[in-house]
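Order as written gives the chain letters A, B, C, D, E and F; numbering starts at 1 within each chain.
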Amino acid sequence: MATLHTVNKSPFETQALLSCLGHTKAGDTVLLIEDGVYGAVGNTALADAVAGLGGAVTLAVLAPDLKARGIDEGRLMDGVKTVDYAGFVELAAEHDRTQAWL
Amino acid sequence: MATLHTVNKSPFETQALLSCLGHTKAGDTVLLIEDGVYGAVGNTALADAVAGLGGAVTLAVLAPDLKARGIDEGRLMDGVKTVDYAGFVELAAEHDRTQAWL
Amino acid sequence: MKFGVVVSEGPYTHQASDTAYHFVTAALAAGHEVPRVFFYHDGVNVGTRLSIPPQDERNIQEQWSALAKEHGTDLVICIAAAQRRGLLDKNEADRQGKDADNIAEGFRISGLGQLIEMGIDADRLMTFGD
Amino acid sequence: MKFGVVVSEGPYTHQASDTAYHFVTAALAAGHEVPRVFFYHDGVNVGTRLSIPPQDERNIQEQWSALAKEHGTDLVICIAAAQRRGLLDKNEADRQGKDADNIAEGFRISGLGQLIEMGIDADRLMTFGD
Amino acid sequence: MEDGVKKFLYVNRKAPYGTIYALEALEVVLIGAAFDQDVSLAFLDDGVFQLTKAQDTKEIGVKNFSPTFRALGDYEVTKLYVEKESLDERGLTADDLQEITYEDEDDDWAEKPSIIIVSRSEMADVMAGQDVILSF
Amino acid sequence: MEDGVKKFLYVNRKAPYGTIYALEALEVVLIGAAFDQDVSLAFLDDGVFQLTKAQDTKEIGVKNFSPTFRALGDYEVTKLYVEKESLDERGLTADDLQEITYEDEDDDWAEKPSIIIVSRSEMADVMAGQDVILSF
């Protein structure tokens, strides 16, 4: 009974990602889309908070949004999974529900 | 040559107020409007950062927006000035320029 | 699997309606069903036929109208949200004494009940907003 | 003193157009001039005459149209922003082959140059957005 | 899900009046109440501001919709989960919120509070127990 | 203000593509360039993301407007202030930004960088020196 969480805001601008991470449960996936993808980059002021999740929650990022913003996949934090729109659909189907953190 | 800064976002949701406070100069006024008025309330997780400004910058808040949100003026941090729309206009006229932190 | 989709922001200003469109396209390509997309809040503005985006930009309304035509997707604009924001069909314009309407082909205006119904019928509900 | 005002968000969804309206009203009451208000980004949607807000809500478009009538304020809607979002006057509708227009009384559609001019002419420039 | 009844959660994370999301969320809740689903509302982050007392919008010229929360009981919407950590961070306590109650038909119409203060971890449990989550 | 020339500052604080503000700000800058004012652009907070290299928007179906920044020199828009603290917080350095240059007509058309990296305190000075500030 796992949840797919989506976050579409930059974690440098809003609290959406932090609030989302505070409400995840083991087995959930957090998918970063649109301006949310900046949250998956390593070596930033925020990376520690995100890494603090441990392995109980999977962090994923929408590759088309990464490319649009010129972020090389090599800059992502360790363990972040990239998906395309088809992969987004698969994640939504595999999880029991989706919650958007707007 | 002072600036009137306006902030219309809740400081619990976005970084606008913190970014604004990092770019003020002595003699400036920061006016909190719309959802920004929550930044003027004392005894919150954010009040220390706001109070850290010291006296070089005046903090003001738009009273109609305070009332709309049910915030009693007694709950404001010390030294916060309240204005109505006419007072907002006066502040804009008295300062040399206005900068909106959106 | 049956997906329900909510679009909560207007075209061009926020990426939400683009992401929703790409999601729906990918879901249909994977063999899933998307019987309905519900446009709420500023999302109602996606359904205007009066927009004229620059030639080097995508036409968001036409993308959705074409999708509805090809796949029979029911594009529902919330009537309460639409009235506030100035999105009307011919019927509503006549009833309200307005001299024009602006809804695009493939969209229809209906009540919030259609959103709840979509939530009940769908296996998964997706929200794209701001 | 002469104020220029920019409104960057649409009606009802964000408070920006309300705050701008109250600011302009207060400025005029205090004897200041507000020769022009420029509507940009989603702000262009303030100028639609097709909105029908609930009876217990303010009518934002009518408030601005009345203000323009009473004070001669020039309400300018940015053409580039308006075209993306489906806000048209009769001229533009004819030119673009659209079968309807939706601009309200007191508003006019013009270029971004009017924003720059306003910045040059005004003593103070105010921006209300999101 | 039992008997075709789904668990619907309306998630409110935004302050009132600065944007319309809080009001339009409430409009969905009122319509949704007619569908006989299992309905809950969640208030966290700035969403807790929606429930505060003494809202007076006269001077901003915007409709005050906060009294509508008190009518939710009449629509059989009786579970309003409010996150304690969100209140604390904002300097609020339960006393700053409106009193919202319902009459329990299974308990001789006794008047009971609709607001349920929960911890962040309990809120995560509430969210994880839903079939449909609508975010505003 | 000298000779009727005003100092205009365009303040960019938002990331590209998630919202349209970055693109529509650029449209104002291009039109504004025709008015012979003293124009500067400020990039801080998420606005610094607008200037990054290698943006490729094909898969999201949105127009990539980042090459336009490199054309600003042709419009005599040559002062792009970028805040160092904003870069640092986002794990970026000046090398992650596009090379944006202009030809200096007062110096035998020598090619010079348009991007000026400044500290937060210098950015505050830039802002305080303006006549008109447009925020996006």
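Note that contacts are C-beta pairs under 8 Å (C-beta built on N, C-alpha and C of every residue); 3 or more make two chains touch, one makes a residue touch a chain.
All values reported here derive from a predicted model rather than from experimental measurement.
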- Task: Averaging each chain's C-alpha atoms to get its centre, pick out the one most distant from chain C.
- Result: B
- Item | Copy pair chain C, chain D: interface residue numbering same or different (half cut) | same
- Centroid spacing, where centroids are CA-atom means, of chain B and chain E in whole angstrom: 29
- Query: For chain A and chain C, what's the span in angstrom between their mean Cα positions?
  - Reply: 26
- Give me the residues of chain D that touch two or more other chains. 12-13, 15, 19, 22, 41, 54, 57, 80, 125, 127, 129-130
- Message: Residues of chain F that contact two or more other chains, please.
- Response: 17-20, 45, 60, 62, 132-133, 135
- Task: Send over the residues of chain B in touch with two or more other chains.
- Result: 8, 12-13, 15, 34-35, 64, 84, 97-98, 100, 102
- Task: Return all touching chain pairs.
- Result: A-B, A-C, A-E, A-F, B-D, B-E, B-F, C-D, C-E, C-F, D-E, D-F
- Over in the complex, which chain B residues touch chain D? Could you list them? 8, 33-35, 64, 84-86, 88-90, 92-93, 97-98, 100, 102
- Item | Residue ranges of chain D in contact with chain B within the complex | 1, 3, 8, 15-16, 19, 22-23, 25-27, 29-30, 32, 124-130
- Would you pull the chain C residues touching chain F in the complex into a rising list? 12-15, 18-19, 21-22, 54, 56-58, 130
- Task: Going by the contact rule at the top, pick out the chain B residues touching chain F in the complex.
- Result: 1, 3, 15-16, 19, 22-25, 97-102
- Task: Would you mind writing out the residues of chain F in touch with chain D in their complex?
- Result: 4, 6, 8, 20-21, 24, 27-28, 31-32, 34-35, 37, 132-135
